[in-house]
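In structure tokens below, several structures.
Next come two complexes built around subunit A: one with subunit B, the other with subunit C.
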Partner chain A sequence: MLIATLLIFGAALVGPVVHRLLGRFAAPVLALAPLAGFIYFLREAKRIFEGGSVFENWNWAPELGVMLGFRLDGLALLFALLVTGVGVLVVVYAGAYLKGHVHLGRFYSYLLGFMGSMLGLVLTDNVIALFVFWELTSITSYLLIGFDHQRKAARDSALQALLVTGIGGLALLAGLVLLGVLGMQASLDDPWSVSGLIEGLAGGAIDRDSGLVHGAVVLILLGALTKSAIFPFHFWLPGAMEAPTPVSAYLHSSTMVKAGIFLIARFQQGFSGMALWDTTLVVLGGITMVGTVFLASRQTYYKKLLAYSTTSSLGAMAMLLGLGANAAVGAMGYLFAHAMFKGALFLVAGNVDHGAHEKDTEKVGGLAGKMPLTFAAALLAAASMAGVAPMLGFAAKKLMKYGLHGSEWETILVVGVTAFSVMTAMVACMVGVLPFIGKLKGSAGEAHEVSPGLLFGPLVLAVLGVVAGVMPGWFAAPLIASAASSVAGAEKSVSIGLGSLMKADLSMALTVGAIVAGVVLFVVRALWRRATSPVEWLDVVGPARMYTRSVSGTLWLAWWQTRILQNGYLRHYVWTILGTTIALVGYGLYRSGIERIPLPIDQPFYFEIALVMFIMAGAIGASTIRTRLAVVSVLGIVGFAIAAVYVIFGAFDVAMTQFAIETLIVIILVLVVYHLPRFRSFSTPISRWMDVLLALGFGAMMTVLALLAADVTLSGPISDYFAENAAPVAYGRNVVNVILVDFRATDTFGEIVVLALAALGVMTLLRLRASNPNGGTEGDGGKGEGA
Partner chain B sequence: MNLLLSITVGVLFAASIYMILRRSVVKLIIGLVLLGHGANLLIFLSSGLVRGRPPLVPMGESRLEGEYSDPLPAALILTAIVISFGIVSFAAVLVKRAYQEVGTDDLDEMKNTDR
Partner chain C sequence: MRSLIFRTSSVFLLPALLVFSVVVLFRGHNEPGGGFVGGLLAASAFSLYALAYSVEEARRLLPLSLTTILGLGLAIALLSGAPAMLMGDAWFTGVWPQGLPAFGEVKFGTVTLFDIGVYLVVLAVTLIMILSLAEDAE
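Up next, the complex of A and B:
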């Protein structure tokens, strides 16, 4: 399984190269990778149908006990076959659909990369790997939706999909980690394996009543519902229709949006029975099912119709999963049927766009004669979607209804599912019939049947839908049954033979009635759209609007805080930093007690007092005198006075350095300062006094810190080591020198490097001529070379 | 003396911060110089003051005995002084150059030149 996944990722890597080398044969060649996976999963299928499952363990980080586990059970098998099988068709289709596109090679990479991520997601048994694959699907789908990156709409939709599913993904990570931690507390064998955790939850090793489990449920549901575009996150999916059609067919019908459904199904055994889990799924799933199919019924654009009806189907699946083990068969059956007919219909939409250059179903008509094969595929798929016997869709609808039995919400759910069926049947007519019947209309006159590469995919999917319905025992029934068994955790049998379903009961009446009502609704669609137009005000308050609001709100917040905190004014930065420091340190000092500050009273010598006065007067003078030369002289006085302090207190090396450096600084400043403007006052008096206040506050804080620091004695000062070893080890009697050139010689070397770099910088700055001839040399004395 | 020097440190820091907060770019350099002095003196103070006993090992002895000035802060400050010299000279030339190119010594106006 790892090999199958890696094979597809490998194909993604070489995609552009293959495309360049093989041109139009690249698609079939690249499709070999998913095909190989498909065949592998088919070979394993028999074992799975018999109730077994395949485990595969690879050492990932054995030292940490992390295994990269893969598991193939019924659920994973269903998804793996869909991912690889539909994947083959879509790669072939994409090759024909985007023929001649400049970035087709890149497209292969994205598509196969997505495929590998999706396959890894459904197969992995490790929660962290699950999350990684999950996010990989989000990222690759971002690239795919935004493939037409020159259009703003495509970029915006891609970003929207990424943000919504990405936030959900983070919630999922938190939920999974929470579960893993709970698993560790419950000392499960492997708390980071999906199957282990689910067993722990189902078996009672992890207490499901605890608040933490409920938190995990909320977080995991958040991940699943955003991914599967369930209300209130349904809005990103119609937007994602900006993607090229093969992407919509693949990501938004059979795979990525079903990742959320997969996750729910995967954790079904673990959480089913918890009121939070069940109720959320049934309520939100039900709202999505009815609400978005209603929105679909008001659309006319091909892909929008399909997109909204897809969210409603996802809602139906989520709702069924919320109903527990009984409805698992219905959920899996509908999932399987949906992948077939919706995939086919998306590809049909692409063909109509390709052949007749029309995206609006109302604006084109009479294509049946021009595009007979596309029409055949469309008709079969639409029939399955509407639930017409003997298509697989018919069986799926029946299974759905069986799933509702025995639920406490049965009545309202039956009503909801019936409404869903009616409107789905109408949408099926819109997409499968409307563009093909009637008189030639719009651009249909110049329409032409599309190339075999474009027909292959939709025909295969549509025909499979029929075959599965007519001969369920061949592959459909066991596949659905084994998937449902692993969802429910108990053996489930599926009888979807036409004979067993053709019973004249209420559910049969509802099914037939729904189709008839759907067709009626289709005929009076213009009236229906007008009658339901009041719902348009929902756009103003809907979640899509919320999304736009919150995105622009976030951007505004970022802009605002950048403007406040990072506005490019040095003194504002200094203010922020120092103000915060003073506040925090001041609070710390206050908490530790002001009275602890030592105030040593001793008798300094008079000349010492005089020196200190010099320093203080110099510092104050340097900040108030307005003549440049005077300030430089005052700075010199400060420096020399400080050097004298060093001498008095036994640091004559420091003092010597200070004398030398101070002299140099004075010389440099004198030389440079005459090329600089005179001091000018730019600030207002208020801001000057504010600055004085801040400066004084900071100075006071430093004084207090200095007093406290003198009082602190660290245990075992390292100076003793130097004092002891300077003479015997380093053969030097001046300990300061020995530290600099022996014990900490590398530090001194670093210092020399800094100095050399500064010298280089100075030289460069002086040598470089002004690049801009107008580079102002106005003001007093801007010419000349300087030092 | 400790108290006096602590106050001196505070005054040096206050003066330097005030200068750094000014809009004239030349005053910024003055502030940098003062900041270096304040920091060095703070390090020097924090080890405790000892008058007239430099950390020199007398001839004939193998180690320092009794009370002596702490050599470690001295070594640190020595390095710091040299580096602050590098910084100040680089900053001075940079400011001179920037003034030549931009034609203003107002930091607020310099902020707008790259637009």
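Up next, the complex of A and C:
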């Protein structure tokens, strides 16, 4: 499984090269990578259907006992087949859809990179790896939504999706780490394996009543709900439709948005039965299911229709998972059916855009004759979506309804699911029928059927939906059953044979009734839209609005604090830094409860006193003298006197460095002074007295710190170790140097990198000044103080 | 600052200071010194020359551009950690190959390479700052 994942990542790496070498044959070649994965998973399928699961363990950091585990069970198999199977179709489709695009090679990279991440996500058994793959899918999704990066709408939508899913991702990380810590406390064998944690939760090793588990539930749900665009986070998904259509079909309908559903399903055994988990899922899932399909029914743009109905389907799945083990079959069945019909419909939307150059379903009509094969795919997929027998969607809808049985919310849920079915049927008509029937309209006159590369994907997906419905035993039923079994943790059987579902009961009546009502709504859609127009005020207060506000609020906050803290005046910077230091250190000293500051008892030698006098004289001189060069010189006195202090205490290395630096500082100051204006008085007497106060405060703080530090004995200073080991281990007698270049070489390396960056910064800034002789920017400060 | 004495003496001081800086660099492992101080000394040698003549003259004396020296120094310091890792130790563990000629007490190991990297980085950083400022002043 690791190999399958790495193979796809490898294809992502070589994508642009393959594209350059092979041109239009690149897509089929690159599709071989997911195809190989698909075949591998198919070969494993038999074992999974029989109730087994495949484990794979790779050493990651064996010293720490960290293993990179992969696990293929029913749930992972369903997702892995969708990821690789739909992946093959989408890569082929993308090659035809974006033919001639300058960045097609890059697109392959992003798409396959996403595919590898998503595959890793569903297969991994390690919580940290799970998080990493999770974030990788968010990042690749960002790149794909913003693929058309020259349009602002694409960039904004990409950022919005990244921020929303990114915040959820951070919550997920916190939740997973919390679970891992709980697992360590419960001394599980491997507290960082997903399966181990779930077993611990389900088996009672981890106490589910504890507050920390509830915290983990909230955090993990936050991750899952943002990713799967469940209310109140549903708004990013319609925005994500800025992506090229293959991306919408693949990421934002078949796979990535289902990652949240996957996570919920994965942790179902661990958390199911906790009121917090179940209620949140049922309530938020239910609201999303009904609310967003209603929003969909008011749309006319092809992809927006599909996007809103996708969030609604995701809501339905979340709701079913919240109902517990009984509804697992319904959730998995609908997930499988949805991936196929919605994927197909998105690709159909791309074909209509390609063939008739129209994105609005109302503005085009009569395409059936012009694009017969696209129409066939659209019709089959829409029938499955509406729940028409014998499509898989029909069986899925029935399974959904069975899942509601026995729930305490059964009545209201049946009403909700029926409303959902009605409006879904209506949306299905709008996307699968409306553009194709009636008189030729809009740009339909010049429309043409699209190329085979564009037809392959939607036709395969649509036909599979029929095959799965007519011959469920072949692959659909065992796949759904084994997925549901691993979600519920108990053997689940699925009978979706048409015979067993075709019963004249209430559920059948509701199913048929919903389709009829949906078609009626479709016919009177103009009236429906007018009647429901009062909901438009939601735009003003809805979550999307909250998102915009919080983003602009954050930007405003950043702007405001930059104005205050970094306003371009050096003296303000110094004030901020020193003032903050005094406040923090002072508070720390105050809290530490030190009662007495130890005073040194040794009598100082006369030359020590002399040096201190030098330093003090230099400091006073620097703050009172009014000639610039003289100030530089007296500052030099301070520096050299400090170096002399080092010599007295035997720190020759430090003293040498200090001497060299003092010399260079004098040179630098002389060069800088050249640029500075003559000293002038700009400050008021009050501000000068404030400066004196600040300087005295800082000096006092440093004195107290130095006195305290001399008195503190930490446990076994490490300097002893360095002193003892420098010569025998590191072959050097100069301990300071051995520390710098050997014991702490990594620190030193970090420091020289910082130095190098600082030098490049100085160089760049001075060059900028040179090319802009007016001396610059607002933050320069030179202007304000200039003569 | 362009006095005759200053100019003449800087011509002699430059090579002397450079040799001295290299001595400081290599003796650093046992006696006070090391790459950091050595780099500073070499930088002051060039700065002196730049003040006496011109920035351009000083740059002409350098075999490579300062940014190249900077990158070279960083690369040497970073790669000096590689041998240890190839031998299965942590990056930057000192490796002291046997049988290399030693100058008196001065031995050679990857740590020496690291110190040479530090020397070059410090030299380049200091000179970049000083020479850019001085160029501006000219």
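Remarks
Here is the rule we go by: the second predicted complex is superposed on the first by the 584 of 787 C-alpha atoms of A that agree within 3 Å, B and C clash if a C-alpha of one lies under 4 Å from a C-alpha of the other, contacts with A are read in each partner's own complex, and residues count from 1 in each chain.
Assume a residue touches a chain if its C-beta (ideal position, glycine included) is under 8 Å from a C-beta of that chain, and two chains touch if they have at least 3 such contacts.
For clarity, every value in this text was computed on a predicted model and none was experimentally measured.
In the overlay built on the shared chain, the residue A:608 is in contact with subunit B alone; subunit C does not reach it.
Here subunit B and subunit C are compared by how many residues of subunit A each touches, and B touches more. Look at A:536: by the touch rule set out above, it reaches neither subunit B nor subunit C. In the superposition on chain A, A:728 makes contact with subunit B only, not with subunit C. Shared-chain residue A:672: touches subunit B and subunit C both. Of the two partner chains placed by superposition, only subunit B is touched by A:646; subunit C is not.
After overlaying the two complexes on the shared chain, residue contacts for A:691 are found with subunit B alone; subunit C is out of touch.
Contacts of A:755 after superposition: both subunit B and subunit C are touched. In the superposition on chain A, contact of A:710 is made with subunit B only, not with subunit C. Contacts of A:663 after superposition: subunit C is touched, whereas subunit B is not reached.
Common to the subunit B-facing and subunit C-facing surfaces of subunit A are residues 652-653, 657, 661, 664, 668, 672, 675, 733-734, 736, 740, 748, 755, 758-759, 762, 766, 770. Residues 568-571, 574-575, 578, 599-602, 604, 608-609, 612, 615-616, 619-620, 622-623, 628, 631, 635, 638-639, 642, 645-646, 648-654, 657-658, 661, 664-665, 668-669, 672-673, 675-677, 679-683, 691-692, 694-696, 698-703, 705-707, 709-710, 712, 717-719, 722-728, 733-736, 739-740, 744, 747-748, 751, 754-755, 757-759, 761-762, 765-766, 768, 770, 772, 775-779, 782, 786-787 of subunit A touch subunit B in their complex.
Partner subunit C is touched in their complex by these residues of subunit A: 652-653, 656-657, 660-661, 663-664, 667-668, 671-672, 674-675, 730-734, 736-738, 740-742, 745-746, 748-749, 752-753, 755-756, 758-760, 762-763, 766-767, 769-770.
Residue ranges on subunit C touching subunit A, taken from their complex, read 24, 28-37, 40-41, 43-44, 47, 51, 67, 70, 73-74, 77-78, 81, 91-92, 94, 96, 107, 109, 111, 114-115, 117-118, 121-122, 124-126, 128-130, 132-137.
By the touch criterion given at the top, residues 1-24, 26-31, 33-34, 37-38, 40-42, 44-59, 61-64, 68-75, 77-79, 81-90, 92-97, 99-108, 111 of subunit B touch subunit A in their complex.
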